[in-house]
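Please find the structures below.
What follows is chain A paired twice: with chain B in the first complex and chain C in the second.
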Partner chain A sequence: MDLNGKAKELLEAGDVKVVLGFEPGTAGVRRPAFVRKAGRTGRLVFDAACTQNLASYVTRKEVKRLGKVALVARPTTLRALLQLMAERQIQEQDILPLALDAAGQVVELPTAQAIEEHLALESSEIPARDRELLDRLGRMTRQERWDFWQGELSRCVKCYACRNSCPMCYCEHCTMDCNRPQWVPVPSHGLGNLEYHMVRSMHLAGRCVQCGDCGRACPVGIPIHLLTFNAEETVHAQFGQRAGASAKLDYALSTFRPDDKETFIR
Partner chain B sequence: MTDTFEPKITAFVCNWCTYAGADLTGTSRIKYASNVRVLRLPCTGRIDFMLLAKAFARGADGIIISGCHPNDCHYTSGNYHARRRWMVYRNLMDFMGIDTGRITFSWVSAAEGAKWAELVNEVTAGIRAKGPYTEYQELAHAGVE
Partner chain C sequence: MADLYQLSAASLDALFTALQGDGRRILAPTDRDGRSELNPVHSAGEVAQDYIQTSLSAKETVFPKVEQLLSYDLAPGRVELAGATPRAEPTVVFGIRPCEAGGFQALDAVFNWDSRDAFFNARMANLAVIGIGCTRKDDACFCTSVGGGPGDTKGSDILLTPNPGGYLAEVLTDKGRAIQALAPELFAPAEAAGKAALLVDVPAAFDQPALTAGLPALFDGPLWDEQALRCIGCGACAFVCPTCVCFDIQEEADKQSGRRLRSWDSCGSSQFTLHASGHNPRATQGARWRQRVYHKFSYYPDRYGQLGCVGCGKCTRACPVDMNLKEHLVEASQATVEP
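The block that comes next holds the complex of A and B.
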């Protein structure tokens, strides 16, 4: 069944209270749409321009209050949902991910197990463009990397769009907003930007599902998603786990193995 | 300037092993470089990654982080958790272009007074060769008036 037909059916049956998908916005942009009535389903679209990770909405109080949510999900959205389940932020009975196959037909994924099985068929590789940039940064000297990031971060205005777009940044009280004591400087000067992005990346290490939404949300085009990708890749390489791989995943930095191998402690 | 440069080393150490180890260095009358400022924390697991960034921002040229050897943690597993955190954070800092060569991680037990002296001397010499971490310190002062 196609997306609009499935949304109509789900809302008519009444089990799902809201269908979260995309609708055409202005200038070819696709914006998130919350459809709550069966009669209003015709406007949903799904194409390559629908890039936003809708999983960032399902942890919000005002969305949870609506009832069970069916949401259009890309592989990265599904990984975010699994990670949120692993972190006990959502339960599988509260959501119904709708994956679309190549023909535009809806595949319902009602359980965490169904999501895991669906994801097993998908690639977990990051986009080629990001891989290329990561490799290029990896080949640079330390000084060049410093200059690269200082140049990029100098444009940061600390709008926190990266934080707000992230499905994993759901804390009600973010340490960035904590001003007693002031831990991370508020102004978007050199140190404030560096420390903010450092904290953001570390808080997402082992939790980033590599959807890249932070980078897309950035209004000044800083490739900040590479920072969290880097932290995530370290976790994967060192501890052999990837965020969003399963609904039963221990947080990499609050567990340990006595034989974790490092090369730098004397 | 360089010939009068004295490195500032900040050492984050755990209360149970390295702090006691550094104490032993003193009671054993072993002399070592006085460039180190020791900050005692309950456990290496308590050493928040941001403390390192804060030390650099406040003018440290080098950082020592030290605690109990694996299996020796007073709280059983604090150092194992810390180790994982550093593995990720060290890579991230390097990726952001921060000089990880200025940060030395070590396990120093309460019995290793000599190792502590040796560690501090080595790090001090290393940082003396590298010079002050002006790059980071300039960043910390830029825009703050």
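The block that comes next holds the complex of A and C.
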């Protein structure tokens, strides 16, 4: 079944209250669309231009209030949903992911197990261009890398588009917004920008589902996703875990095992 | 009435040299990975050729993203207070669009409303604007719906309109005449004919006076929550906006010394109106989105007799989720006429 047909069927049956998918926006871009009436599903599209990770909406209180959501999902959206389940932010009955199978047909993935099985069919490789940029950064000396990020981060205006577009940045009260005590300087000066992005990439290490939405969201074009991509790759290399691989995942950086191979932790 | 001249394309370098010879910094759109941003340039060849708008706006030249207002040191029994001197280098902003040039007036309305802001005024006094009229547009543009236009002269000291020989130059203000006087030989007298034909046509998208008149009645309607569902509440729209003027005051201090900073803020942020009590009068994204629209199209006209929007469309281009302002205003306009 195609997406429009499936969305119509779900809304008519009352199985979900809203279908969250994509519609054509300004100059051919694809943007999020909240469809709540069966008669309005015709505007939904799902093609290669639909890049946004819509999982960032399912933890928003304005969206939770709408009722059960059917979510049009790309592979990284599904990873985000599993990671959100692992972090106990959503439950499988709250969300009905809609994904495309190999034949281009819409499939419902009503359980975490169904998502995991569907994802196993998909490659989890990051885009070639990002791989190339990461490799380039990896080949730099520490000083060159520092200079690169100093240059990039000096252009940051701290609009928090990267944070707010991230499906894993769901904290209702972000550390950046704490003012008693104030951990990180608010203004967008060198220190404020550096601390913000360092804290963000550390918080995303082992949790980043590598959708790249933070980089796409940046209004001044900083490739900020490379920081969290790199942290994710590092955690994978050290601990063998991928964020969003399973709905039952112990977070690598906060899990203790008595049989840990490192002696200092015992 | 503006003085009209012809400026050849080849003479821009000589103009830039004359401006720098006068001790002025030149900021102009330059290319960066397919985006355009305002940067210092030294020759005309560095200026981007193919741009509609820069990503950020020229407001940062007079209202930077962060600036120090004062600093202090604590000594036993006394406080040493030091005012900050605004860095206000003589600057020419070259090549911004008429919409953006018009934006300085909306900033001025706030920075010189009840008290006169020394930092803003020092920079404005040292700023001259050489705008370039628009021969291209995109789907985000709507200057003509908010009182502007692709050849609007408001806010520019000199406005250039591209023509086959280079540029038609309108010298509009004393600051513009001072620039002309640096290299008068570059400005050849020209006829006042045919400017409109050189510019792109931007049809009006909505009736702004009717929208402004209708907004108060729409305040409690469902439209704003509906429009804001996909808004993620970041500050990209506010920070790229040439007229968004909200700022935050931050104190960075330890036991011995401190400094007070002013930085950009955004009404789209959930913390913008959060009270110390925990109460938030704009508790939902819908309420915050409504504030953004009303501030620009209802409160600004009410308070300052002008709009808080110039129709440049930067917010639309910057928005990660395509909150298209023009489209939302058209929708609001339609709602004002429906019973």
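Just so it is clear, the second predicted complex is superposed on the first by the 251 of 266 C-alpha atoms of A that agree within 3 Å, B and C clash if a C-alpha of one lies under 4 Å from a C-alpha of the other, contacts with A are read in each partner's own complex, and residues count from 1 in each chain.
Everything that follows uses one rule, which is that a contact is a pair of C-beta atoms (placed from the backbone, for glycine too) under 8 Å apart; a residue touches a chain by one contact, two chains touch by 3 or more.
Just so it is clear, the structure is predicted and the values come from calculations on it, not from any experiment.
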Chain B versus chain C as contact partner of A:Met1, first or second or both or neither: neither
First (chain B), second (chain C), both or neither touched by A:Val157: second
Chain B or chain C, by number of chain A residues touched: B
Contacts of A:Ala49 with chain B and chain C, given as first, second, both or neither: neither
First, second, both or neither for A:Cys171, with chain B first and chain C second: neither
Which of chain B and chain C A:Pro187 touches, first, second, both or neither: both
Touching partner for A:Pro219 - first (chain B), second (chain C), both, neither: second
Touching partner for A:Gln143 - first (chain B), second (chain C), both, neither: first
Partner chain(s) touched by A:Val63 [first = chain B, second = chain C, both, neither]: second
Intersection of the chain A residues that touch chain B with those that touch chain C: 187, 189, 192
Interface residues, chain A side, partner chain B - complex: 137, 142-150, 183-184, 187, 189-192, 194-195, 197-199, 201-202, 205-206, 227, 230-231, 234-235, 238-239, 252-258, 260, 262, 264-266
Partner chain A, residues of chain C touching it in the complex: 32-35, 37, 55-56, 65-66, 138-140, 225, 228-230, 232-236, 238-240, 248, 250, 252, 261, 263-264, 266, 269, 271, 284-286, 316, 318, 320-322, 324, 327
Touching residues (chain side chain A, partner chain C) in the complex: 25-27, 29, 31-34, 52, 56-57, 60, 62-63, 155, 157-161, 163-165, 177, 185-189, 192, 213, 216-217, 219-221
Of chain B, residues touching chain A in the complex: 49-50, 53, 57, 70-71, 77, 80-81, 83-99, 104-107, 119, 135, 139-140, 142-144
